[in-house]
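Shared between the two complexes below is subunit A, which has subunit B as its partner in the first and subunit C in the second.
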Partner chain A sequence: MSTVATTTRRPPPWRNVRVLRWVFQAVFLFLVALLLLYLWETATDNLRRLGIRTDFRYLRQPAGFAIPSSDFRSSQSLFDAILVGIQNTAKVALLGIVLATILGVVVGVARLSTNWLVRRAAAAYVETFRNIPVLIIIIFCWLGVFLRLPPIRDATEVLDLVVVSNRGMVVPWFDKVGSGAVFGLVAVAGFVLAAAAWIWRSRRFDRTGQPHRRALWAGGILLAVLAVGFFATGRPWVLETPERGELSTAGGFRLSPEYAALLIGLTVYTASHIAEIVRGSILAVPRGQTEAANAVGLSGLVRLRYVVLPQAFRISIPPVANQYLNLVKNSSLGVAVSYYEVTKITQVSISQAAPAVQAILLLMGVYLVFSLSIAFVTNLFNRRLTLKGR
Partner chain B sequence: MATRVDTLEPVPAPERPPERRLPPREWARENLFGTGFDTFLTIVFGLVAAWLVYRLGRFVLVDARWEIIERNITNLMVSRFPRDELWRVWGALLVLAASLGLGAGTTAAMRRREVEEGRANSPQRATALRRAGPALVLVSVLLWFAQSLQATLLTIAVGVVGIGAFMFGRRLSLQPRHAALVVLGGIVLAFGVVTAFDGVGWEDWGGFMLTVVLAVGGILLAFPFGVLLALGRRSTLPAVRVVCVAYIELFRGVPLIAVLFMGAFMIGFLLPPGVDRPSLVTRALIALVLFTAAYVAEIVRGGLQGVPAGQVEAAQALGLSPVRITTRIVLPQALRNVIPGLVGQFISLYKDTSLVAIIGLTELLNVSRNITAQPDFLAQGLIVETLLFASFVYWTGAYWMSRESQRLERRLGLGER
Partner chain C sequence: MRGSRIWRVGLVLAAVALLAAGCFHSDDGEEAGDGAGTGEAEAQGDGGGSLLTQVQDRGTLNCGVNDAVPGFGFQDEAGEFQGFDIDFCRVVAAAILGDAEAVEYRPLTAEQRFTALQAREVDVLIRNTTFTSSRDGTEGARFLYTTFYDGQGMMVRADSGYESLEDMDGETICVLSGTTTELNLESSFQALGVDYEPLAFEDNEPLQEAFIQERCGAWTSDKSQLAGVRSNFPEDQGGPESLVILDETMSKEPLGPVVRDGDDDWADAVNWAIIATVQAEEFEITSENIDEMLESDNPEIQRFLGQPVEGEAFDSGLGLPPDFAEQVVRQVGNYGEIYERNVGETSPLELPRDFNALWTDGGLHQAPPYR
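Presenting the complex of A and B:
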């Protein structure tokens, strides 16, 4: 038939889709490269003209500023300052993630409570904090709450354990007196034993079907080993309660007002978002699941624990991970309350004549690493937990 | 994602279960004192809630010294905007009310037609007053602080013009495309009223006005850019896809404040010598647009993925060109589905504009902090009052928009499984 002849004839190159695709992509890449090159050239030209360096060697210069609540001295290099900043970001972000998750899950479950008052209170919490800029919450905690607390002389002491003043909150903390190395080894051994117990109980459960109680077993073993090790190695740490002086406090661990404000602001704000996700995920579990659980005679809590929550958990992983990412990025608002995380340090270093272009590129790079690693971990996690097949 | 297919057959309205009305005693037993634990919770939560409401109410009504807000209300709204030129702002508001009212009237007319033709469920009974509630509360609180007859009359005039335009638009029932043009034209005209003919350039804008302008300008300018990025990310050309993915992931991976720093400190270096550095407001807006575009792209991508592949294949079978398939077949269906997502993005942009305070723009948050340093109010701890006021303004706006967006979502039949 004649159609065979027409399909084998090649169209001219200007109408050949394959050729056109190549040409279009080449032109597109060329234009993008041209734009980037142009930006790069103008930037380096401008910098050179103004006598600003165009490399990253400025990082070796002494920082010229000190960082509050750290051992960092102004003679150390800018590179070290940024490392301290990254540590501070991690400090507030990690604790924030833990607290926001706890608060968010509690509020999210409370929003579905059968108790009208609890339901309404949780809804009010969510609607209030979801609709206010997180920056205002943070600044409010800082200027409106923590900095307005009484000075140390008139500080409030809660049960003689916590000292609250406008210099921050001092909580009891472990003070190292003996050698921690031996105890560290004991602790590692404890974790290994606990993991072994967990696996043993799980296997036994798979084999016999008897209740595994693996959390109880593993936790008990870990606690027992840690307790025995703690006393056997001569109590390497003691819990030290803060002592209030006239102008300062001694002992304990001090949370600066800036840190506390940032932490509380991030927690409260992110928790309101996580609560909505938790609520949505619980509602997204098909109602037939609850009804089936009812039909086989499971009680309320058991139903929640073994039927609803595990399925809701799976649904909520991607959006919650997104909130974690947002929390890490929002921790950059420490810059507004002078908490020295990596953004604040970048801002200070720019004001102290570090080259702005490089400093900002470095800052963006740091956050990209944070974001991409969180995304990587959640992807791994998600892949393990998604239902296979079907 | 559910895509709505318009058919001529009426969609049966889902029947709502009849509302149960219980006498108060049984209602309380069921909802508050079901079990012992429930009773305990009710008592604890009731006490805590009552204490909080009492403290907050007492502060707002008795203890707070609102004088600082009363005397600075103009400052909070427009900051450094020249006071002689304030009529321009009112003029712009009138223009905006007219064009937005016309647009809303057109959608109302469209909606009515859809209901009459049986293509949509009749709307739930929500009176206009209830829907506009939060916005009305905001305006009345602002007017209460302003205590100015002139401002009140002008606000009423704006409201009357808006409602009049709404009625007119409902009768006129324009084509949606034309209505969109009217709204966009109104925004441009309002901008012109403020800036043109020896007006005030936006370097001098501030306060709540700047907050709104940055949010609206940001989303409007980011939208076309975001659509292009989304199309690029879904492209079959690997080179285009890689570049778009790189852009999107780069800007979604860094915090907004880093992008704003980029705008504040870096843009000046990227311009050829001899070109003046744009004003800080412009640079902040550029940063907001670059940042928002990446998020808009992800939202639009969701909409694009919701368009069934059969639509594209059918269009290809009809011999439409790729450009036509995109603009006439795919985008109209995709964009309809992403409206609630875009409203959500607008709300978060509205809240995030507070971050430009960190690079030194005098928007609402920055003014709230600055006025506590005035000689009359210095060191009196009035920051609580001013921040509470600022969060009230942000809250009413964001809450109102999120409620409207939920309504829209229900109306478009999204989020239903």
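Presenting the complex of A and C:
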């Protein structure tokens, strides 16, 4: 009788494992919070004792310093300066991620090539760049490559289109002369039409099995709309070729040596890691898949595109996402070549009397947001692509 | 059953105790915060009284310096620190510890320096640091006697054809980041309405490389630093003669030693140790004639050198040994000697005394009286 009672009655809370677990978690959380509070209090007390401010109001003060290659004026606030830094970090990190992915996939596939030369060259690339600190690569690119370009008075001009000197490479770029707002609306309409065409062709393909050619349709429609819109709105942009001056170049888009060195350094370094991940992922695709593709008579490229890479892609997403995070964090090495990304601007503002503790906290927050955003996007991809229900 | 209840009570008690500890802690914090406003003992932290006694107990002085500016703070071929600022580190050590060599040099970049000072990594910062209101106000720094009156200048290649800042429209200008120079550059060029592009580096080495490769066509810094760089410019790049420093002065840059706020005993001791070099030059006491000067009839000199006047050595109450001025002059020299040795007309920098002469010679240096 008594045994029956104990099995049906719930145990008292202090012996209930589920309750105890919660209690322990709560106590642990409380202790951690207490520790953090203690550290924060100690830090602020000591700072206050030294007469150093502990708030974030300094962000409203005028920056006072200039930032190259930007519209930033020194009378703008430190907050604006940090925003410019975030933009610059994004500029180098996002383009770096795209380029490193392309280069990494190419090299990773090349490492598995049946061609001896291609295979060995790819292996040499990976082993070289994977084993050199990225800082050294960046500094080498800057000191050894871009600064060695001719000085501005001897700048090289290629076909009157590109001006190359150690003050940057300038390429023709669109210069805005009219209002772009109307054209922007036209462009949005073009994208909507293209997407609609894509969906229509896909559905038709599903129904009838006739070739869909949706990329051709969507791309064609988009291009046509953009072209008509461009001329109809009175050509809001013109292509401007760089004009070489005595000390600098006017017009065109300028790729500064510092930006180029950082971008190339981050790209080649991260690509060497991505290449290894791609190689490993391809090898992890069961051999039977390749053999089956061969058996149905698919050619090498088609086999890669439709059978091997999609499966390898799925395996490689989490480790490649890690490399993306590394690339973003490594972009802080732009400090070494005077590229004004967010770390550089934080450092400068600290030495121009911004309080160090708050400025570094803010900097950590910025990188955290960058990293979490990338992790969020790659996790979305990962969730969509993982095999479901098998 | 009873055991469990005790357990639960214990848990609650522990939580209450922790909570209480947390509250008490923040009470402590506030008290200390209030104390900083009124009492000084609290403010000195570390529990060991003033930094003055801590340094005396430790036996060495941690001095934050520059290691990349010839004439002011640099390492020679043997790895020894040399220069004008370095000599003032030695002055402080000689006065407080009686030994000019008892210095630990901590090379710092412009961007690190205030953080290192706040973090107690260095006792005193003597690293061509400009005295400004915002640094005094927000960096927890206290600026002492100005050892060098400087101004910001612009260095260009002699063959560039530049004669003034107005000629430099569109030029790229190299500058050290985290300096007042960086801010003055922006305000001067804005005022002139001249377009330029700044290129800011943390260290002098990459900056010099960028300048040599003509990534930038001009280099701006304090004139004294530019003179130092110019004197050391590599011969294969044309040597010092290939560079000129434009006459224009873009700002005033009073450079001096810095200590942390809130430790007045330490600040006073360092300050008077440094002023002793100027007073020694006013009295014409040098490291060479110090022995004769100890026998001087002049009671002012006697008092300054800590010799007994009417049976008792003068004690200013600064906490310095009575013979600190004697040690400073004997081991390092007076202000004029330090200046000439490191940056003066006989040194590679060839800087004239100008503002840095004694007040009696039309300069700005005047020692408050030692009495």
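In this text, the second predicted complex is superposed on the first by the 357 of 390 C-alpha atoms of A that agree within 3 Å, B and C clash if a C-alpha of one lies under 4 Å from a C-alpha of the other, contacts with A are read in each partner's own complex, and residues count from 1 in each chain.
Just so we're on the same page, a contact is a pair of C-beta atoms (placed from the backbone, for glycine too) under 8 Å apart; a residue touches a chain by one contact, two chains touch by 3 or more.
What you see is a predicted model, and the numbers here were worked out from it, not measured in a lab.
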{"item": "Partner chain in contact with A:294 - subunit B first, subunit C second, else both or neither", "value": "neither"}
{"item": "First (subunit B), second (subunit C), both or neither touched by A:87", "value": "neither"}
{"item": "First, second, both or neither for A:51, with subunit B first and subunit C second", "value": "second"}
{"item": "First, second, both or neither for A:330, with subunit B first and subunit C second", "value": "first"}
{"item": "Subunit B versus subunit C as contact partner of A:348, first or second or both or neither", "value": "second"}
{"item": "Partner chain in contact with A:117 - subunit B first, subunit C second, else both or neither", "value": "first"}
{"item": "Which superposed partner A:12 touches (first subunit B, second subunit C, both, neither)", "value": "second"}
{"item": "Which of subunit B and subunit C A:68 touches, first, second, both or neither", "value": "second"}
{"item": "Subunit B versus subunit C as contact partner of A:32, first or second or both or neither", "value": "first"}
{"item": "Those residues of subunit A which subunit B touches in one complex and subunit C touches in the other", "value": "42, 45-47, 49, 143, 148, 335-336, 347, 350, 356"}
{"item": "List of subunit C residues in touch with subunit A within their complex", "value": "4, 7-8, 11, 15, 18, 21-22, 25-26, 29, 32-33, 36, 42-43, 45, 110-111, 113-115, 118, 134-135, 137-140, 169-172, 177-179, 182-183, 185-187, 190, 197-202, 206, 209-210, 213-215, 217, 260-262"}
{"item": "Sites on subunit B touched by subunit A in the complex", "value": "31-32, 34, 38, 41-42, 45-46, 48-49, 237-240, 243, 250, 252-258, 261-262, 265-266, 268-273, 347, 351-352, 354-355, 357-358, 365, 369, 381, 383-384, 387-388, 390-391, 394-395, 398-399, 402, 417"}
{"item": "Complex contacts: residues of subunit A adjacent to subunit C", "value": "12, 14-15, 23, 27, 30-31, 34, 37-38, 41-42, 44-53, 58, 64-69, 74, 143, 147-148, 151-152, 166-167, 245-248, 257-258, 335-338, 344, 347-348, 350-353, 355-356"}
{"item": "Complex interface listing, subunit A residues touching subunit B", "value": "21, 24-26, 28-29, 32, 39, 42-43, 45-47, 49, 113-118, 121, 127-128, 130-137, 139-140, 143-144, 148, 284, 329-330, 332-333, 335-336, 343, 346-347, 350, 356-357, 360, 363-364, 367-368, 371-372"}
